[in-house]
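Next come the structures, one after another.
Both of the next two complexes hold chain A, though its partner changes from chain B to chain C.
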Partner chain A sequence: MKSFGVILASMVLILSSCISELEPVANLSGNADSILAITTPIDSTRRSIISGVYVVDSPSRRFGDTVAVQSRGSLITIFTVKDVVYFAMRGGLRDDSVLLSGYWRGVQGPLTGVAQLSIQPGEGGSDIAAGKGSGKGLILRGEIDVPELDRPEPLVLRKIEKEFERLRGFQIIAHRGGGRNSERLGVSENTKEMMFLSPVLGATGIEIDIQSTKDGVPIVFHDPTFTSRTVRSPYLIGKVSNYTYKNLQTLARLIYGERIPTLEEALIAVIDKTELSMIWLDVKAAHLTDSIIGIQKRAIEHAKFKGRNIRILFGIPDDDVLNAYRRSPLKGTSPVLCELDPHIVRELDADVWAPRFTLGLQKELVAEMQKEGRDVYVWTLDDTGFMIEYLRDGDFDGILTNYPTLLAAIFRTRIL
Partner chain B sequence: MIRWFALSILILSMPVALQAQDSETSVNQDSIYPSRYVYSTRPVQIWDFKAAIGGAITLLPQPLTESPVPAPSIDLRARLGLPLNFMAFGRATSNIATSFVQSGLAWSFVLGDFSAGAGWSAAYMYGNLTFVDGFNTSQHRWLNYPMVTGTARFDEVILTVRIEAELMTSLTKRIETQTIVSSNNVYTGSSVTIAVEQPFWKNTQVLFGTTFSFSSNPYQSWFLYNTFKDRLLSTEFFMAFIL
Partner chain C sequence: METLLAAMLLFCAPQDSSGLIMRRDSSMRSLYRVEATLMGAIQATRYADKPTLVSAGTLFPGTSFGGRLMWHPDHLLSVGLYSGYVTFSREHLSLTDEKGSPQDVTLDLTGIPVQVVVAMQPGNFQFGVGLGVYFLTSHTSVNNTERFSSSDYTYGATTWLAYDVRLTSFLTVGPEIGVHLLSHTGLTTGMVGLRVKVDLLTY
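Up next is the complex of A and B:
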């Protein structure tokens, strides 16, 4: 009978090998293409009329009481604190109305749905068409699909004030180029596609991870090894540094089918195709320090040539990279972000100090660093309560987060 | 919901007063090892105390950790027989960074080689990482665990299945001087435990089992500041020698 226990234990062990999987999320786009075909783009003056803090006037409190609305090009985004939802809406002007179509998504869970919104002539549409007014009282009205409901739910948002801005500026920095694979955003972490999505999620800057191939090519990838978390290629196992760049081009397909970008192509893509204003290079390949700084400097030159105001920072996260940087002939020739102790930050004369959020607000140190002309970014803050406290009681110049949507909603609406 | 559950346990336990004499007899007659198990809720002699000491390893949810991360801990369990087929039980587990103390009451009845019961326990979790470089954080929680349980006896082996719900009534998170307090009855998830108690070697008796916990906020991973709404699986293996 004792063998019964052994058999049962074996069964339990087999059962426990199950890995917790997150529910997949539908990839929606709404009806944006047909809306874009019948509307004209909204220019920058009109965009500022639309952007702002809105209250929810419809009965449902699905998205809380207050949301942030941002208008950029043909894209209008909405960010909520409650359930951490973002709306990605595209559209433009048609006569005296603004027509928008897209989707909404709660990034901490699987909820998503299509959304159709508009600004009617008598509800601010005429003012936008004429390019006048502050937009106060403007009404965004429409319907959203909700998975558990049979019919669309009405949504009415009313603008009450312009969005909050910090005098010194503030960076909403998205982790891994915009978000982790576990956020199920429909694009893989650390890819160009994710970097293009990051402004939609609320980011103004991104952090990307740099690994090395066997032949010394800096690539944008987080883990030192390939696992089913990051790749879907069955023949790709073991260390990333065991494969040449050519091997990876042939073999490596990320979770959503993308290729692993080189650092250089990722930087050029961000400069050329996004409005992001900061890139934090989280260097995980210390031996490539010279090569990475070289690419960083070329990208900065490219940005200048393109007239882009973007900050590209060489990140020093640990002693390996620190020692490699100290030995580098290129030391001191490009902007640096240092995560280490303040005395090392001062020794390197780093442009940015980036302490871990679990050390707290460190108000005096932050103030000293800022007085010395440095910015201070804190990482990686995802908790709503602490995000509010860090914004209200702290004085950081940027926060790195896996939820730029949440940070954008709190920061821009100033729900503190 | 908590009140209703407590009330239902009370109502369920009332007929036991009438059966008390019978059940004590059944314990003596039916149980081959009446005082050699700690996890089963099979009725035991009044004031009979038993404890077990061992270890547990929890595999933290992979979407949070991104790679398999085991969290080992020392594990103490005990139970005390009470009148009317009630039993007090408790657990203390710690790996310094995370400590968890739980105690509760359960009531059960016997049906031949089977027994079934229900119970309630309250627990306190304290997490502290101030001794780790780069962390100035701590957290504590109050938790409640209503549960139902079933036990089957197969000769010398006792198999117990326990289903618990987890209700978090208080959560306090601290980083440096910043403190966030929330105190709601939040249903965070449920767990299923399968445990076996059996003779091991010479006179020793062992308890081993696994808990499959589906929680949106597993206490073992408090330092990861989980933000997912999804309920994630964390698996705990435990083994203990019954003293």
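Up next is the complex of A and C:
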């Protein structure tokens, strides 16, 4: 009897260990609204003064020694390599000071807290207000809430140089629209909400996945089947392609409650409401090739109409999509990203070649492709060491990652 | 390791009619039975979260029917297979589509478990556990006009406790309580039911 109890307890232990609880981490806003109400927006000239590489001068090394600060619109973001943390701060100018409020959180863990920072008049605030200088030496000073501490922790950042930029440009490409569900970012992967968050995470471009409904509507969804990883409802099971678009609109809610967007909705939302400059369509429904290219072309037209400089690439990841593309009457009428062999890239005259990172740096081939006018994006790098190696020793035009925050921190601070 | 060895020895030890463990005697003939158990139960399923955003709650009534085929030597332990049909939940919802049009939607989730089970039967009691897969099917009806279903499988477990009252030399009946645990689907089901056990073969 006792032995049976031991075995039963072991089985319960094994089974319960399979339960994966996704604790959502709240995205905090601090008192950004009240800060925005009493400040004036920072224009592009002043934003460039704030952006740069900063050293951490406060005693705590919670965020490492060096961080990247980026200022875009009313949003100021900070990216750290240590613990892969991002800050999302809003604010503006008040007299000769810059006032910022927002939150910080670790992408790879549950740590998060409110942050209040400012640039005082004598620490660079006056120069920013006057719109002069490079900003070198300016000090971002303030306090952050840390979950395990009873009181706020001081944070002092000092600008040492401007942020790194590559002459040919560089794409920090966020996987699944910005991040995976496993990172518990508070929004679901491949949703419009995640795409809106992706610039805050450090991305300049996104990769999104295209699946098909039963009635042939291209939707943005990664997996071919519904599981508890992606959807909240136990009634949604089996193949995505078992459900019509209308069924999904009625029944499907993703793990943070969002609806599954159609490809067209997602593209229009990114064009209209973000500053992202690249969208990589990872096509997982080869039979929808014509439909997807049609939507891509309409989105490109919409972007032109809106004056948006954004690149939308039809991705060819495998032979199924390649064969469908070769048969398509729309072949060659829109920009293409090809993940396959270089000779296929040349045959299709693809705009971008995207080899997997396990093939190595391929310096000569990358240089040849660039000489032919193509960009080269490598996928998927999530490890700090690999990112550093591929940035330092390679010459890629973009890197696809699940951690755009980490890549942004490494790339912009040049910690190579 | 000692506990595991003790467990194996206990399972292998023969028992008399009172359930007491006996020492194996070389002159004693072994007795083996093949037993079929049929059971029906009412049940309550609790989901870890509301199954839909507009569901009234997380607890749903349901029913289950099943059968176990067990090989039961003259020992405490028996082993076998379990399958059946479980209705985990069924609900009627008033939803709206993307255009705001009202939709009367009926949803239900059913499962067919296929599991390897082990059980112990001290005296008239039997308790056991099963591990295996559940072939799940979700049925959806929209406005009573559009119907469709989708299927998948997931891993899960059962455990049960039963009491048998012998009616004839080969037939027993009794109550049974049990639990289905489908951790990846986020549901736990408690069952209360009746069972009939038949000795199909004795050798």
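What we mean here is this: the second predicted complex is superposed on the first by the 393 of 416 C-alpha atoms of A that agree within 3 Å, B and C clash if a C-alpha of one lies under 4 Å from a C-alpha of the other, contacts with A are read in each partner's own complex, and residues count from 1 in each chain.
One rule holds in what follows: a contact is a pair of C-beta atoms (placed from the backbone, for glycine too) under 8 Å apart; a residue touches a chain by one contact, two chains touch by 3 or more.
On a predicted model such as this, the values are computed, not experimentally measured, just so you know.
Asker: Which partner chains sit in contact with A:361 here, chain B, chain C, both or neither? Use first/second/both/neither.
Answerer: So A:361 only meets chain B here.
Asker: For the three-chain arrangement built by superposition, which of chain B and chain C touches the greater number of chain A residues?
Answerer: B
Asker: Which partner does A:170 reach: the first (chain B), the second (chain C), both, or neither?
Answerer: Neither partner.
Asker: Looking at A:390, would you say it contacts chain B, chain C, both, or neither? Reply first, second, both or neither.
Answerer: first
Asker: Which partner does A:106 reach: the first (chain B), the second (chain C), both, or neither?
Answerer: A:106 contacts chain B only, not chain C.
Asker: Between chain B (first) and chain C (second), which, if any, makes contact with A:54: first, second, both or neither?
Answerer: neither
Asker: In the superposed arrangement, does A:403 touch chain B (first), chain C (second), both or neither?
Answerer: After superposition on chain A, A:403 lies in contact with chain B alone.
Asker: Counting only touches as set out at the top, which of chain B and chain C does A:227 meet: first, second, both, neither?
Answerer: both
Asker: If we overlay the two complexes on their shared chain A, which of chain B and chain C does A:377 touch? Say first, second, both or neither.
Answerer: neither
Asker: By the touch definition above, which chain A residues appear in both interfaces, chain B in one complex and chain C in the other?
Answerer: 1-2, 4, 8, 15-16, 18-19, 227
Asker: Which residues of chain C touch chain A once you look at their complex with the stated criterion?
Answerer: Against chain A, the touching part of chain C is residues 3-4, 6-7, 10-11, 47, 49-53, 88-89, 95-98, 103, 105, 107-109, 120, 122, 127, 129, 131, 136-138, 140, 142, 146, 148-152, 155, 157, 159, 181, 183-187.
Asker: Quick check: in the complex, which residue numbers of chain A touch chain C?
Answerer: 1-4, 6-8, 11, 15-16, 18-19, 225-228, 232-239, 242-243, 246-247, 249-251, 253, 257, 259
Asker: Write out the stretch or stretches of chain B touching chain A in their complex.
Answerer: Within the complex, chain B touches chain A at residues 59, 61-64, 66-67, 129, 134-137, 154-157, 159, 173, 175-178, 180, 182, 194, 196, 198-199, 208-210, 212, 225, 227-230, 232-235, 237.
Asker: Inside the complex, what are the residues of chain A that reach chain B?
Answerer: 1-2, 4-5, 8-9, 12-13, 15-16, 18-23, 83-84, 106, 108-110, 180, 182, 223, 227, 229, 356-362, 382-386, 389-390, 393, 402-403
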